[in-house]
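Both complexes below contain subunit A, partnered by subunit B and then by subunit C.
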Partner chain A sequence: MSEPFVIETSELRKQYDGVEALRGLSLQVPAGSIYGFLGRNGAGKTTTIKLLLGMARPTSGTAMVFGRPSTLEAASVEIRRRIGFVSDQKDLYDYMTVDEMIRFTAPFFPRWRADLEQRYRRSFELPADRKVKALSRGMRTKLALLLALCRGAELLILDEPTSGLDPAMTEEVLQSLVAHVASEEMTVFFSSHQIAEVDQIGDHVAIIDRGRTVVAGALDDLRDQYRRIELVFAGDAPEATFRSPGVERVRRKGRVLTVLSSAGSDRFVAEARALNPVSVDVAAVTLKEIFLETVVGEA
Partner chain B sequence: MLWYKSFLETRWRFLIGLAILMLSVTGTVLAYPRVARLLPLVPSIDTSGELGRRIKDIADLSRTYRGYIWAQTLRQNVTQMLSFFAVLLGAGGLLSQASGSGALFTLSLPVSRNRLLGVRTATGLAELAALAFVPILLLPVISPAVGERFGIPEALAHGVCFFAAGAVLFSLTCLLSTMFNDMWRPVLIGCAVAVVLGIAEALFPELSQYSLYGVMSGERYFRGGGMPWLELLASAAVSAAMLFAASRNLARQDF
Partner chain C sequence: MLLRPNPSSGVPIYLQLMEQVKHNIETGALRPGEQLPGIRPLAEELVINPNTVAKAYRELEHEGVIELRHGAGAFVSSNGRAKKATDTLRAGQTLVTAAVDRLRERGVTDEEIRRLFEAALAGLNKTGGHGE
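Our next item is the complex of A and B:
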């Protein structure tokens, strides 16, 4: 993986029948990261993934994977040779058995990992002769995961990998993923609307809303930089405009002014003191709070 | 492996079609002695009307075994059933599978859409070829059972006609399958086109040997006019054009 960014999109737009699914989405996914792609249902996550895999064409903008444009058919074929993919519906062939599915998929990937195949067949306890249509949702997810993990891929793209699974199965799938990534050198790009999931296994995150990136970066950086600052005043909180960088949200409620800052708190607090608050309280924020403030707050 | 997948997706349509066509041909052959016994009893028919003309035509043709086979099975049963199964074989594919039935998995494989369509088309055409040739090649095999002969070259000639004309309907449904995201609309439209062509042939019988069904039944060959090479070539060209349009259409599709 020589490129610093495995995935790079710039001003990506996609319109379906007059509806804008993506409205200028820009992303940079660093090589070797576990990148959570967070957004509400219908935010544009699946559309983005389809564009990255060449399943749909963008209306405008660019989508590069491994430094190659995913919009060109020849480049897209090469890109897919290096990608493991699990769709949100765990799209597989219902009429094949588990064994047939595996034997069908392996020859397409020259770096197919027969050793991993054997390992996951055992650990996932997949019934070789059972038809895919007869598998439970959990088993289907495990099979889809096996087919993605054994491709010898440099990039795993997972669209809502745990959707529809119970908590125990979700945990099992996430642990398998983490263990796999720990032993293989690869990048994982996974979409989810489960904040806890991204928090649990991700090291980078992009939050998208209505087809645009609203927050992106390393999770640790976000945790360091995002602060909730609560200013309490003697009387009603003033209607103030702040010039400090990174002021994302300002809420007034009675005597309390709450500010979400994405650039730490020092400069903001210095500026806010000029308003003579009775107290200033600075608190770290969780990913869930960032999500709720940036996405739900915009709704 | 894509070949195997394509075969799995169409195998029941293909196998059922093959079984029905083989049964139809076999039944027609085995019924010949009874028909031959009844033919002298057919009274003279008033041929002034279209219906009378047709009945007389069939009765006259059936006075020889070759004519009986052509009139009863090649021109009618096999032509109609092969048309239907050609339409069925052409239906399906990526677009109809788009909603959770494997299309996204297929599209995530390192394979171009042209190759996907190419393999699917080639598999369908191979199955169509089997439907066109295998039942007809039964004729030389089972005709001795009723004391008759049917030449292998003649069977092959009719097989070529069935295949070339059937490929037109197959390609039409392939094209329609890249336009509609379900399996039934392409099948229904394909069948409707087949029926309209049949009606057109009935309305203009003087053009029947140039029509799709005229080519399919090998009428010119049967009547001693040789192979309809020009019509076969035209059928192949129309099929190729529709398959090309299907590939362009599929390349443009968003999934």
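Our next item is the complex of A and C:
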């Protein structure tokens, strides 16, 4: 893969019947990453994925996959050939058995990996003769995942891969993703509203809210850079404005001023010291806290 | 060897892994020359991103704690530098343990202690007015 970013979107907008599903969404997904695409239900995750796959056209903006515009018919066919996609519906043919579903799918993909098929048939313990419609939700997910993993794709796009799965099944799905990425050179882009699983297997994340990217970057950078700083004053906390970079939120309550910084604590604390606080506390901020701070509550 | 990073603690997972490997060396659970688990099996066992394991190993190599031998895997360094780092860390650990014990005796909670350390590392101890 020569492109620095496997997926790159810029100012992506999409309107459905006058409703703005995406309002300027920008993403940069590096090759080889496991990229968590976090947002509440209805934030625009599925719409974004449809645009990336060329299944819908943006109202404006660009979406590049493998360096080619997914909005062009010819390019999108080529792009889809190199992508493994699992929709949130886990689209499968209910009247087929597991075995028929696999044997039906394989011939569509010239780079089908028979070795991986054998591996995942075993490790997922899929009942070969059972009808798809009789599969449990977990089994259904594993079958859809097998079909996506075996096609020799360079990019895996998963829409809410673990939704509706119990914790044990979720762990099993995450584990197979991690193992797959460790042995095959590929990029995984998965949408989720489960912060914990992005924390666990992701190395990059975008948090989107109401069709816009609100936070994006390498998870380790976010963990390094985000800090909550609490200043306590002898009297009422002053109504100060701060010039330090990365001051995201300032809350005053009585004698306490709480600040969320996205650029570490050093510069802010140096600036805040001029206000003579009686104590200064700095704490790490979790991804969950970043999510809750940046995503707007129910309107 | 016990490695158990907590993905949702807000601390980068590779840093947690690095600390835990060092701790295992300190306690003798990992000895000089011993092999560490491979990147893939460890990522799979802990269900974390393989890039994260690779990053932790690279940084540990950079610090001289482990050696990455091409094609063979990761091994605990047997050179003096790693041992010296271990000794320094062990001495530091004694100091920290003593400090934590004394703070607990005074009724400071673990969460408060954690914050005090974080604040001290961020260079805020000047406002606190205490020093050795």
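As a working rule, the second predicted complex is superposed on the first by the 295 of 299 C-alpha atoms of A that agree within 3 Å, B and C clash if a C-alpha of one lies under 4 Å from a C-alpha of the other, contacts with A are read in each partner's own complex, and residues count from 1 in each chain.
Going forward, a contact is a pair of C-beta atoms (placed from the backbone, for glycine too) under 8 Å apart; a residue touches a chain by one contact, two chains touch by 3 or more.
Being a predicted model, the structure only gives us computed values, none of them experimental.
After alignment on the shared subunit A, the placement of subunit B and subunit C results in a side-by-side fit free of clashes. Put subunit B and subunit C next to each other and count what each touches on subunit A; the higher total goes to C. In the superposition on chain A, A:232 makes contact with neither subunit B nor subunit C. By the touch criterion defined above, A:283 lies against subunit C but remains apart from subunit B after alignment on the C-alpha atoms of chain A.
Residue contacts after overlaying the shared chain place A:104 against subunit B, while subunit C stays out of touching range. After overlaying the two complexes on the shared chain, residue contacts for A:116 are found with neither subunit B nor subunit C. Shared-chain residue A:199: touches subunit C; no touch with subunit B.
Legend: residue contacts after superposition of the two complexes on their common chain; A:266 is shown touching subunit C, with no touch to subunit B.
Angle at the C-alpha centre of subunit A formed with the centres of subunit B and subunit C, after superposition on chain A: 150°, rounded to the nearest 10. For the pair subunit B and subunit C, the least inter-chain C-alpha distance in the overlaid model is 26 Å.
Touching subunit B in their complex are the following residues of subunit A: 16, 50, 53-57, 73-74, 77-78, 80-81, 83, 85, 87, 89, 91-96, 103-105, 107-109, 144, 147. Subunit B meets subunit A in the complex at residues 1, 4-5, 8-9, 99-105, 107-113, 251-252, 254-255. Residues 32-34, 171, 174-175, 178-179, 181-183, 195-196, 199-203, 219-220, 223-224, 226-227, 265-266, 269, 273, 277, 279-289 of subunit A touch subunit C in their complex. For subunit C in complex with subunit A, the residues that touch the partner chain are 7-14, 39-40, 43-44, 47-52, 55, 114-115, 118-119, 122-124, 127.
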